[in-house]
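In order of appearance the chains are A, B, C and D, and numbering begins at 1 in each one.
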Amino acid sequence: MPDTAYTADEMMTVAAARMLRNGAVCFVGIGLPSAAANLARLTHAPGVVLIYESGTIGSKPDVLPLSIGDGELAETADAVVSTVEIFSYWLQGGRVDVGFLGAAQIDRFANINTTVIGDYKSPAARLPGAGGAPEIAASSGEVLITLRQNKRSFVEKLDFVTSCGHLSGGTSREQLRFPGRGPAAVITDLGILIPDSVTKELTLTSIHHGISVECVLEATGWPLKVSPHLQTSAPPSAEELSALRNLQGIPNAG
Amino acid sequence: MPDTAYTADEMMTVAAARMLRNGAVCFVGIGLPSAAANLARLTHAPGVVLIYESGTIGSKPDVLPLSIGDGELAETADAVVSTVEIFSYWLQGGRVDVGFLGAAQIDRFANINTTVIGDYKSPAARLPGAGGAPEIAASSGEVLITLRQNKRSFVEKLDFVTSCGHLSGGTSREQLRFPGRGPAAVITDLGILIPDSVTKELTLTSIHHGISVECVLEATGWPLKVSPHLQTSAPPSAEELSALRNLQGIPNAG
Amino acid sequence: MMLQLREAIREMVRDGDVVALEGFTHLIPFAAGHEIIRQGKRNLTLVRMTPDVIYDQLIGCGCAVKLIFSWGGNPGVGSLHRLRDAVERGWPRPLALEEHSHAGMVAAYAAGASHLPFGILRGYLGSDLPKYNQNIRFIECPFTGERLAAVPAIHPDVTVVHAQKADRRGNVLMWGLVGIQKEAVLAARRSIVTVEEIVDELNAPPNAVVLPAWVVGAVSEVKGGAFPSYAQGYYKRNNAFYKQWDRVSADRETFQSWIERHVMSTRDFDGFKRILEQAVKHA
Amino acid sequence: MMLQLREAIREMVRDGDVVALEGFTHLIPFAAGHEIIRQGKRNLTLVRMTPDVIYDQLIGCGCAVKLIFSWGGNPGVGSLHRLRDAVERGWPRPLALEEHSHAGMVAAYAAGASHLPFGILRGYLGSDLPKYNQNIRFIECPFTGERLAAVPAIHPDVTVVHAQKADRRGNVLMWGLVGIQKEAVLAARRSIVTVEEIVDELNAPPNAVVLPAWVVGAVSEVKGGAFPSYAQGYYKRNNAFYKQWDRVSADRETFQSWIERHVMSTRDFDGFKRILEQAVKHA
């Protein structure tokens, strides 16, 4: 495999990592975000502070943990505290700049479902549930969301709103006086979607190298708005790919 | 000074110590209680667990600390926690058998004033205030109180109720559904007073060796009830005196 | 009180109890969970922020009628198939859910440890969870009028946790990711702590997480008792086990024969681990 | 951010601020308190669970207009004479009091650190304190109807604490009696931490009390900066000083000349300690 070959998941993780600015305090949700947040730390954002809901502040793992509670996270942290403290003093305390979340389903206003597919009382598929996400989504300064894009995940209507994005759009989130500003971007394996500054509806602002707009529209369960200034994400650099694969314990080619 | 000579304060501390049963979990208030609680630990009650509001659980000091936050208390403790945790998980959590309190003023129902003498807004004498006492008095399984007895401290009416004893007596404390049962005894330099089982009025049940009932009545700001079964406290034993003086860093005679 | 794990579970976990086996990835009391399965406890209400493989096993064995939780999955792997089978298809029996967020669960446990009837949080804003959970309510701040979420205190009948060390008097020391374990023990009526080792002296560092003996019900020494979870300073997480569980648990019969062979047919956790090692050798 | 204490106080403590210098007997930031006096800060609202000698000095020097507290005394010795003089006779200026119990103060600080508008406790039952403090109110549990006390969050403009160590990046480690210091820092808009020493590596034990650099405003190295309080692992409490303070503070003129000689005429805390040592030598 030549150095320039990469998977769609790798592109997604690299694009998500690029969104995290150096120095930000980032609360890392379970799932895809951990790879992106650590990749950012190991590339352009060495000063990022990673907080995990398992109780670690300032984790700096060399290898990506399978879970968000592996020993490496505690052993490399600046501080390890109880889960009561993580949620009360650190997240609710307003000390998190960026909440980094995954999702099973998302709607056009970046509301998230991680609870159930189908009816709550007799579900077609039971998902893991809320975890830390409702309060990460509410209390972080802003939120980044990363998930794979397809018609099952990008839906017209969520079966269950687990964690709030921009609610019904416009000023509806402001009116509820959430502490944080809500989703700033959704990064998928196809492109990047940003809420419109007024309507808050997710708008395709960037497509990944080699992906067509049609392909993204096709993978979205509602008529997706496309920015007139659509950009193309640069493919992962050799450095990004190498750092990501090292993190994931995958031997690099060449 | 012969071994058998002792001060009124020593008698008070020894009598107070004797009230603490072995194995009890005791929250030690500021002031006189610390000497009594540690004397109990060093004599008949080696299994007593001493909790200090400074955050120590299971302190075992060799020398009586001047304050309730000296290093000896932390260094000899089984656990040292934040003051948030001491008050929420340990005191309010209902884990304290005996609250051991001092007082500036007390009334016939063992309510306590440690706040102010005179009017609150323009006080004749400003006292230190509540500290941990209101919640120690409310939440401990039972309460022991120790203070010197005179007409200024044993008053008909408190200038300020800082911490509750048996309120207005009878079932008045029960009605407020305090978690704890309230004062079980008041130990002074003259004798021991126990709340009547029905009226909850403090009743003189024991006088210290060498003290007359008249002397106690004279030192009380209300017509003090005296038990028909009045007992006399045994004077401090040589062992008790020796242990107390060692604790206080006073060289023993002989 | 020092007790063999078998005795501790027999005496302290009763059919119908509200039981919390806590641990956030780290120090999960697997040995105690197996013993609950072996002894055939029934009608339990299981409580835990992050029910994972040991809860999947308890649920698949029919021990539980209800689950109070905030995230139920196999972290980094996927679904808990036994949990899903119980919720989606009622097998081996239906499982009622009381569902919170992590922030709600920590507030509820902390309220339990603090002997408060409820905990408050700035939480559940805009979420559908309060529609399905009557134990999420809202109150007003008496100073600002702000609306805040409230959850009732959790008071397990029995909490089970695993820790690194106890001394001979029964004082317990744990370190690393300590999650909600202290609160879960302090909120419970009874408690069982399994430990990696019993030592003469804890030698706890200042401000370490120590549970004094007098707040702990039973202490049982079970070396490796958190496997396949981990005990920092003793052994690492066995991620391979978690990945394999996905296959074992996907099918009812595979699951049942695994439980029969590894749990029901073994006398204790040492026996379980011997069977596992044999399987690895023959693989 | 590493700053000299003089600069830190100059930049971060402003006239009229709500200021908390915390420490429960241990790690009391005396050096920082002296610097506040030296710089003549005025109209401060002082907050602290246990105002002791350093608050007596601040109050006696006229720095404060209000005190939010739960126990004000010289532990084991007696009254704070300057505090009493201000409350009883308005000297050198009147001092307003907002008075709580310790349990109320910890709930208020924890609410501040948690960004909740208020904290709840089962407290103040039957006490007269709520009659004189409008910031003690009562709410009903939305599940049980039980009545509980509520106190508003404390948010100091600036919190000052003393700790044992910081590393060169500004991460702070403290151990021993840590009181309410972490909450007081996290509840504050700005913070200053004086430390015994700045080291290359904190080498903090697991689960130690660490304040990451990014939640701390300024870090200043001040060896012995807690004297006559103590820093566990460095020096013991100077009980003789606390006892002597009773005599120094009993009289206004004695107090004023002591402050003039020991604080106003010295450049910094090292200077203060040199003057004290001379006094001991001449005694």
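Following the convention adopted for this analysis, a residue touches a chain if its C-beta (ideal position, glycine included) is under 8 Å from a C-beta of that chain, and two chains touch if they have at least 3 such contacts.
Note that this is a predicted model, so its numbers are computed, not measured.
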| item | value |
| --- | --- |
| Set of chains whose contacts include both subunit D and subunit B | C |
| Which of A-D and A-C has more C-beta contact pairs | A-C |
| Separation of mean Cα positions, subunit D and subunit A [Å, integer] | 41 |
| Separation of subunit A from subunit C, taking each centre as the mean of its C-alpha atoms, in whole Å | 28 |
| Interchain centroid distance [CA atoms averaged], subunit A/subunit B, Å | 58 |
| Sequence positions of subunit C contacting 2 or more other chains | 110, 115-116, 121-122, 176, 178, 182-183, 206-208, 232 |
| Subunit A, residues touching no fewer than two other chains | 74, 80, 88, 92, 139, 179 |
| Graph class of chain-chain contacts, one of line, ring, star, complete, other | other |
| Every chain pair meeting the contact rule | A-C, A-D, B-C, B-D, C-D |
| In the complex with subunit D, residue positions of subunit C that touch it | 115-118, 120-122, 135, 137-139, 141-144, 146, 148, 150, 152, 175-176, 178, 205-209, 232 |
| Subunit A - residues contacting subunit D, complex | 25, 49, 57-58, 74, 78-81, 88-89, 92-95, 139, 179 |
| Contacting residues of subunit B [partner subunit D, same complex] | 30, 53-56, 65-71, 73-75, 80, 82-84, 87-88, 91-92, 111, 115, 120, 122-135, 138-139, 160-164, 167, 173, 176, 178-179 |
| Residue ranges of subunit C touching subunit B (in the complex, touch as defined) | 110, 113-116, 171, 182-183, 186, 204, 206-208, 210-212, 214-215 |
| Complex contacts: residues of subunit D adjacent to subunit B | 24-26, 49-50, 69-73, 75-77, 79-80, 83-84, 87-88, 99-103, 106-107, 109-110, 121-129, 132, 176-180, 182-183, 230, 232, 236-237, 239, 242-243 |
